[in-house]
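Here come two complexes built around chain A, the first alongside chain B, the second alongside chain C.
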Partner chain A sequence: MKHNRNLVLAHLWLAFAVFAIAAVFGVWLMWVRSPLHAPYENPQNYFRSVTLHGVSMAYVLTTFFAMGFGYFVAETALGRDIPGIRWAWAAFVAGAIGAVMAALTVLAGDASVLYTFYPPLTASPLFYIGLVLVVGGSWVWCTIMIVAMTQWKRANPGLAVPLAMFATVANAIMWLWTTVGVAAELLFQVIPAALGWTDTVDVGMSRTLFSWTLHAIVYFWLLPAYIAFYTMAPEAAGGRLYSDTMGRLTFVLFLLYSLPVGLHHLFMDPEHSTGFKFVQTALTALVTVPTLLTVFTITASFEVAGRLNGGTGLFGWLRALPWRQPMVLATGLAFFMLWFGGGGGLINMSYGMNAMIHNTSWVTAHFHLIFGGTVVIMYFAIAYQIWPQLTGRVADADDLAQQRWQLWLWAVGMMVMTLPWHWLGLEGQWRRVAHFDYDDPLIAWWASWVDLSLLGGVILLISASLFIVNLARLHARQPAGRAGPQPLRYAVPLHPITRLPAALNGFALWNVLVLVLMAAAYGWPVGQFIAQPSPAAIVHHVDRPS
Partner chain B sequence: MDRKWRVWGTLGVLAALAVGGLLGFIVLPVVQGRAAGIDAFTAICRAVGILPGSPARPTPPYHAEPQPVTKVAWTTATFEELYRADRANGARLAGERCISCHTLEGNTPDPTIPRNIGQSVFALYKQLHDFRSGSRVNETMSPLVKDLDDKQIADLAAYYGRLFRGAIDPDVSGRYAGIDIQNIVSNGDVARGLPPCSACHATRAGGPIETPTLTGQYAQYLEAQLKAFASGARHNDIYHRMRSVAAKLTSNEIRLLAIQYSGE
Partner chain C sequence: MAATEHEVVRSELRWAAAVSVFVVIIFGLTLFAALALHRNPPSNLERIDPKTLHLTGEFTEPNLGTRVEQNGQVTTRIVATQFAFIPPCVVVPADREVTLRLASPDMIHGILVSGTNVNTMVVPGYVSQVHTVFRTTGNLLMPCHEFCGLGHSQMLARVHVVPAQDFRPDAEGRVSCEAQ
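Up next, the complex of A and B:
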């Protein structure tokens, strides 16, 4: 890792700086919803902050992290220079400018549209153009990833693409498919309306196009965590990856089944028929397969490591694992949170049960637990793992102890915050509401649960601050000298790859199948808006400033 | 090996799609449609989204007319009409149409018929208006007011609504029917989502404006009305207020509330 560490560092520092700022807004949001009096409390500030927190965490942190980590993997796993490095820097600059544009528009109060793109909420065009720049930058990254893998394959015919790179390209291809929905919505509906070029927005159509993006985007955030599970955690635990094929299959299944499932975000919407909702429910259920494959494979890999470390008996290997390694600890904590978050997700995706938790705090709690918990804790672990390579500084025992503290605080804070939040959602607490009247006897009992949730938020903010301190402290130290840190090694599979089918070494077949699935799942749900005139009730007339 | 992966991969994906499609487009709509009395073809078309509506429920007629619970609007014109009402004409109309049941004094001895004495002008106006528009139905009252115009209704309401002589003084009336009933009157019941009766019904009429005076009314009449609200047989209460309240009361509570308000 010599050539492009500044490129990776620029991406990761930008991602984490935005994360730290957004974390402050997150705690403030919890505070406003609690019975305690928060400063600057009013509904305008609340929705402005929801937008800023959501856009920063969901779009800026994730996109820049995935891009930076992708560049790192491309260089280290393939052992080659990244192609098109100038393009990569240009994409970074464009994305950074876009992020700042979006943030300023939100702060100015011209874009309190939350972080979803649901008309009739419409923001200033600058907000959308800013986000288009971020997404445009990520498309450049996708292209670079695909080109890097293709060039490597050409130079190494017949060899298996390293799993880390295969998975990164799976994510890049998935992201290209994913962004088609929101790009179509923004370019053909929202931006023309925001600029005043059109008079109406078909809200049914825009919700459908956004749903195309809305679920797959979650997997775009998630896959870097899974890449760490498969290629970093077994090595950090001192073992081997139980099955390389399982890993490839997992990423292929994510590519296939993250996309044709977005209608499960529109179960309560009237513009879609029950049949298509059901088909997408069935396809959503298949996403559990790669998740369970991963839980099995990584647990098996850890068992191998634990037994190599001298662990015996049915569960003795668990104790023998090197939990002092932040990557191992983070993987354990991530799996713990995944059980709760994944279980909640099964309720969300069930066509019938969804009605129970629709638009309640349950939903917010769910995605905080699974994204903020399982995924982001792995972002931390990845950063800790690759920071020595990027900065040339070696972490000592004190650093590792502080990193473990930070990871524990994050997991505890996330559980304390989200479990009461789930419970309140089941009891009917609304999401996206700025103020609750806790004097009302019907909801008075919520108060102590919301306070508890806020306490979780405060713990998370402490952890987020400690994370920045940990990274900065290591970065600011004297370089380790000539020897430098050990080069990063990706996990070696237990059984060496002798021959790999083309299907697990490339994406041609899966791209065709994604096309088939998307045509089947979204063909009529999108096409109906073109084939039939929409009912007047779901066509929004754009307000004209007089 | 490459070919095997290609074939089985494709078949696997198509099989998942086919199973989902078979269940979502054919099995479920046909089964649900049968239970809802919808033929299989229509149910499938609905599940696909070619026809509107759900395969699991009969679709309500598209052009159903909305039915307001009342046609009374408390506009300045209504208030003016009541203010300018002709009580003498009201007395004459009462003599023609109301006297045999309600008596001219508004103080009927029959406990199934409400006392008009001491009642609010606005409550009387609204009820007469609702009987005429069909929002409230009673086999005796509905035909009697059918041909009255707005002015005549206002005259009648003004006549009965200003009869106070002999009325029970609401400030001293009422009968204590136990702590539980008093609690419902003053505090409601949070667990059942019941607001207190006194939120609207004061010792006199209370508010919103059409709220009737309950004190001194016959218990038998009050009980019958609460039961009618509870079952939905009477439904001229704006925003469903009385129907939602009455449906949550037990029949014993209804009886005791009627006694407490009537003072009998």
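Up next, the complex of A and C:
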């Protein structure tokens, strides 16, 4: 990393600063819901904070992390300058302004609509315009990623695009497809309503458009973690990537199957037929495929590493792995959480079983475990891995020990927080409320479980703080000597690529397939509201006194 | 571990086959539950104008609550509105099929009934309908589970499940919490 350190650092520091603030709000939210008395407790503050926590974690942390990491990969994996660097800075500034605009609107109490919006509730237009700026900035990033790969391919005809970059571009293309739904909802429905140009909204349409985005967005958050699994973890473990081709196939499958599945968020909705719900259940089942392929390939890569380190026997290689490396430790912890989070997800996506847990704490538990757990712990590991390249400072043994502490605290905190939530969700604890009446004999027994989950939240906050301290400490240190840190090496496949089908070195074919799948899965679910709009609901402005 | 390229491909393919079997099993179980056990999500695609539902038709105030229809079918009609359910308490019989019908004149709401698998969104513009049989008697909670505004947390109703012998409709077929 030579030329654009500051661009990457700006993105990552913004992402992590927002993450740290949102973590404080997260713990406060749990405190309010618990039987303990929290300061500043009232519904206004509660829903402001839920909105701020959701928007910060789901939109700002993720988007800026994916962008910053993408720029890093484009320069280091391709070994050339990022094209359109001025555009990249402009996108960063626009996104940062948008994020601040949205945050201030939320803090002012003019946008308590949560990060999933819920029209006919409408916030101040500044909130949505802020978010559109963030998304618009990310579209610039997508374009730069695609151009970078195209230029590299032109300069290196016949060569395989490095896996890290191939995967980054898969994510960029997926994100362009993903944002179509929410962009249509905001531009055609919500923002005109927020500005007062329209008085009513078609809620069937708005929910369907949002569902288009709602699942694939999760994979946009997830893919940076998967990029680290494939291209950083095997190298950190001292091994080889078991199969480069399987990695490419995995990212292609994510591009295909993360999109036509959003209707599984609307299983309990009255505006869609069981037929389309069933079709998207079937497609959702296929999303398990790339995840399970990854579990196999990365476990096999680790086995290669363990055996190279002298591990023997059926499981002896596990002990021979260098768990002292934060990247290796984080991958292990991420996989551990993935089994729980993924298992719970199978219930969410089941057309019949969804009724047991829809809009209960089970769902909150699921996405905190799989996103906050599996994905964010890999964001930490990636930051630790690339920080020396970005800052020119080298981590010593003390730094590494503190990084491991931070990762362990995160994983433990996440399990302590989300296991009680899963259980309470199964027992019917509903979502998105500021308080429960623990004097009600039906739910009095929930109290101690809620207290336990709050303890998990406190552990997470300690870990989040330690993460910021770890990064800042390293950044503030004297730069390493003239030699500087070792350049980052991406994992080498066990067998170098000799032949690669063109389909696994580009995305033209896959874009056509996405189009076909989306037309089949969403053509009628969206088209039905064009053919016959839902009876219109009256817009309700949360930012205006009623 | 010196796996040849051929061995790598073979092992990946074997795993992919195992994953495919897994996916087919999940899919098969879902299909079986849907077709044989009738475990389907609530999807009745019935439209209603949220602006007028309280003025005319099925969801006007006198029609709300539980009622035994002419054909013996038990139907409970509820309006979900910022920030209450109307009526805030309903009575249903145990061990008998009950149809819940809900509609919203304003925001998106949603309900679950504690201790059961009753769950549906209530979306303005549509009638939500759930068929169920309550197996245990008692006083259950029916909270709003979807964010609908700052008063969302106080939006909570009660479902009284009573044994068949205590379920006594009046002359018009109605049963209400007050009459119990």
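Rule of thumb we're sticking to: the second predicted complex is superposed on the first by the 533 of 546 C-alpha atoms of A that agree within 3 Å, B and C clash if a C-alpha of one lies under 4 Å from a C-alpha of the other, contacts with A are read in each partner's own complex, and residues count from 1 in each chain.
Simple rule for what comes next: contacts are C-beta pairs under 8 Å (C-beta built on N, C-alpha and C of every residue); 3 or more make two chains touch, one makes a residue touch a chain.
This one's a predicted model, so the numbers in the text were calculated from it and none came from an experiment.
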Touching partner for A:Ala537 - first (chain B), second (chain C), both, neither: second
First, second, both or neither for A:Leu293, with chain B first and chain C second: second
Chain B versus chain C as contact partner of A:Arg404, first or second or both or neither: neither
Which of chain B and chain C A:Leu509 touches, first, second, both or neither: first
First (chain B), second (chain C), both or neither touched by A:Arg207: second
Contacts of A:Ala282 with chain B and chain C, given as first, second, both or neither: both
Partner chain(s) touched by A:Met246 [first = chain B, second = chain C, both, neither]: second
Which of chain B and chain C A:Asp269 touches, first, second, both or neither: second
Partner chain(s) touched by A:Leu442 [first = chain B, second = chain C, both, neither]: both
Per-residue touch tally on chain A - higher for chain B or for chain C: C
Doubly contacted chain A residues - partners chain C and chain B: 272-274, 277-278, 281-282, 286, 442
Chain A-touching residues of chain C, taken from the complex the two chains share: 1, 3, 5, 8-9, 11-12, 15-16, 19-20, 22-23, 26-27, 30, 33-34, 37, 39-51, 106-108, 110, 112, 114-115, 117-129, 139-141, 143-153
For the chain A and chain C complex, residues of the former touching the latter: 43-44, 46-47, 50, 112-114, 118, 120-121, 202-204, 207, 242-243, 246, 266-274, 277-278, 281-282, 285-286, 288-289, 292-293, 296-297, 300, 303-304, 307-308, 346, 350-356, 358-360, 427-428, 430-435, 440, 442-443, 494-495, 534-538, 540, 542
Chain B residues within the chain A interface of the complex: 1-2, 4-6, 9-10, 13-14, 16-17, 19-21, 23-25, 28-29, 46-49, 54-56, 190, 193
Of chain A, residues touching chain B in the complex: 256, 272-283, 286, 441-442, 499, 501-504, 509-510, 513, 516-517, 520, 524-525, 528
